[in-house]
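In what comes next, chain A is part of two complexes: it sits with chain B in the first one and with chain C in the second one.
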Partner chain A sequence: MNFEPGEIVMPGDVLVDLDITPSESRFIIGPGLRREDNKILASKSGILQKKEPHIFWVNSKERRYVPVRGDAIIGIIIQKGADTYRVDIGASEPASLSVLAFEGATKKTKPILQIGDLVYARLLVANKDMEPELVCMDSAGRKRGLGPLEEGFLITLPLHTARRLLSSDWPLLHLLGREISYEAAVGLNGRVWIKGRTIKDTLAVATALETSSECRSESEMRCLVERILACRAGVAQED
Partner chain B sequence: MKGDARVKITTQDTGKSLEVELNAKQKEVSATANEYLKLRPMILQMSCYARGDGAAICMQGDTVISAQATGPAEVKLQKEIMDKATIEVIFRTKSTGTGGNYVLLEKSVRDACETAILTTLHPRSAISIILLEMQNYGSLLSCCLNACCLALLDAGVPMNSTFAAVTIGISKDDDLIVDPDDTQEEECESLLTFAFESQNLELVASHADGQFTAETFIKCMKLACEISQEIFQEFRKCVKKQHIEIEKEGPT
Partner chain C sequence: MVHRWSGVESQWAGSAAGVMPFTGCDQHNEVALKKLTRAEVQLILFISLPAFVWNPFYRLILTSLNSIMSSLAQKPGRLRLSKNLLQMKFMQRAHEKIIQEDEEEEREALYGSEMTKRMREQGIKTRSEPSWLVVNSLHFGRVSFGGFNPEVEKEMEEEKQRRAKRTRELDSGKKMDTDVSDKDMTSFYLTMAKKFSKKRDRSTLTPGYSPQRKKPMLKPQTS
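So, the complex of A and B:
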């Protein structure tokens, strides 16, 4: 390997050239890496990551979502058709969502969604040559947390921040949950939906999430949470 | 002359803080002919705007260009290409807005981008780059190309390789001036701009103005290639600054 995990790679950097250094080991490459002949190259700038034994990917900072099959995302209904909805998922083209792809939906009992409504859905088809397709249920027909999102508040974060929220090493949502009761849905397209008991709670969580994208370490994040909870307590006392 | 250039490049300390760079620039006022063979102080900044998908500011001496990249985003139907992404470059001047005399510049930048970006990965989408002239004191095209590359890096657009550009002026006495400022440009008989990609150091774009011999052209190209290395180092340093603090503690 020309680069060690944790190092910065730039597009065009050759990670491994199997013509020069033949290797018996396999490589599984993820986002930000590509294969060209017998070389493995980076195609995005970021930090090279490795998961034992031989999975490699590049952790980059982006703000534009590119659909990936299986990702849970938050979409906005932009058009209603006879049997499909057109949904904006923040990618280069809108996705389609069948009215029958909801739990318990039949031709007679369709979900009622209006333009502008939010849905938490999973990408069933995500291919560069095809229109992305969404579903709001798993393969067994159960909703498993997916479906329309009612009320609440939507914020948009950079993609790496949204991914970080879902990571077990980044207990931001958990820390906020100790003091504030709220519901949240994190889409891998950077959209986060939040619904607290009161508007104040919703806004406190929204502020925490938005500001946390600037946090560079876990201690900073803990500090941020403390301050936001203190502010919220202060506001509550004033009332 | 080429040998001299190499010495100059390696001795130039690229890890300077802003103040130091500015001091160095003031010293450069009393530069001798040999000192013309190095870049003006270069300051790069990424993610400087909240809007858009990626943004960068490139300062080469007093020339400042801000670039904003968006994409892959929705494309207008008439510009849609079935098997690859459409790349748009718009140059905005301080006073007159878009278009005018800068169509050639836009085209040069777009062509360089097209070689660098893996356009086939995002068919039927648009990648647009807006270059904003903030200050123009010479070597405009190379500054635009460098800013553009950095903005694309920030936007996370998949690329074949990065690219960096260097402008070289040829004076009446056949002396070479790297990265000339506006007064030097006026004195120069011809101006050559070269852009190189980082992987195999091949030429991706060149733009020439004025008269010159084939030998001078090749000499300038070699010199520009060497100097572009220095810019690639700056790019890497800039990206590192973006990422490394997160790496310390934060996970994915």
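So, the complex of A and C:
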């Protein structure tokens, strides 16, 4: 191992030469790393991370989404076809979404989606040589929270911020949820959809999420939440 | 494979006994196969005749027959099922399974040799996992709070329970939930073993077991 976890790596840095590592060492190569022949290289610049027992990845700040199989993302319908929708997922190429890939959809009962509508969908195919493909149900045909998103408000965050919202040690969504009744969908492509009972609630949550990308620690984030909730209460009193 | 099949079929039908383009060990196989096909047909006739009379169990019998047949066909030594049998409607699932296995075998034969030793070794050493979901064990991104969307909140609760269960399993080092614990299973089988063992073997099964010895007879002492 040429680098220790916590160090900064740049694209092209050789982390491990597999020829000279002992044969019992194992590596699970996460995002930001790549194997070329017998070397493990970094393909993004960022901080090398390690999770026991042997998962390695690079934590980087990014705004451009690269599709990965299994990711739940928010897409915007940009074209309607006879049996597929074309969906913009913020990647280099639009994805396709079959009209039959919804819960309970048959040839006769198709979902009604218009151009510009939002869908929360999962990537079934994400391959560098192929068009990405989306589905709005799990393998058993149930929707499990996927599907069209109606009304609400869409914001776009940097990818690392969107990921942080979903990790266990960043309870921002829950902290807001204690005071505000709202629902949200966080796509790993950086898009976040929010719907509150009133416009003020929606905007409060949206502002909190957007501003939270500047927070560097959990305490800063808690401070931010307190201030936003106080503001919201103040606005509510004025009415 | 297909040739062999058609050969067997035709011979069984008695139409072209002479048209067997196989020699040596293949012919030996053929005999065994022919016997099997005949046995199969008899078996099916035997089972299906009463089955038509007594309908409720018909499906059950067919299902069990299907599984028996497919397991027969899976064995490494491979007893092959006849083509006609596989085309029958109730054998469709077994048929698909066999086709898939054949394809896999073929693929292995074609490309197996191209896999170098180095590829094998490094395949074991590294595995690619490009998803943040897995690496960071992220939560599902659809959330609802304060009873806004009960359906989503139910999903959230389920996910939470799944996660808690998984961490519990990881902590205790257990892989799966079992209805019967290992301890119970062991004690059950020990009692069963004891039940069916001979009396003189019991001392090996139960530690600390010693057959009661009769007290040696003592001579009555006369005073």
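Following the convention adopted for this analysis, the second predicted complex is superposed on the first by the 233 of 239 C-alpha atoms of A that agree within 3 Å, B and C clash if a C-alpha of one lies under 4 Å from a C-alpha of the other, contacts with A are read in each partner's own complex, and residues count from 1 in each chain.
The criterion applied here is as follows: contacts are C-beta pairs under 8 Å (C-beta built on N, C-alpha and C of every residue); 3 or more make two chains touch, one makes a residue touch a chain.
Not measured: the values here are computed from a predicted model.
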Contacts of A:Val14 with chain B and chain C, given as first, second, both or neither: first
Chain B versus chain C as contact partner of A:Glu218, first or second or both or neither: first
Touching partner for A:Arg26 - first (chain B), second (chain C), both, neither: second
Partner chain(s) touched by A:Lys128 [first = chain B, second = chain C, both, neither]: first
First (chain B), second (chain C), both or neither touched by A:Arg227: neither
First (chain B), second (chain C), both or neither touched by A:Glu62: first
Touching partner for A:Arg163 - first (chain B), second (chain C), both, neither: both
Common interface positions of chain A, toward chain B and toward chain C: 163, 167
Residues on chain C engaged by chain A in the complex (per definition of touch): 118, 121-122, 124-149, 151-152, 155
Contact footprint of chain C on chain A as seen in their complex: 18, 21, 23, 25-31, 35, 38, 40, 51, 55, 57, 68-72, 120, 144-146, 163, 165-168, 173-174, 176-178, 180-188, 195-197
Residue ranges of chain B touching chain A (in the complex, touch as defined): 47, 52-54, 70-75, 116, 118, 121-126, 153-162, 197-199, 232, 235-236, 239-240, 242-252
Chain A to chain B touching residues, read off their complex: 6, 8, 10-14, 32, 34, 41, 43-47, 49, 59-64, 66, 91-93, 128-129, 160, 163-164, 167, 169-170, 215-219
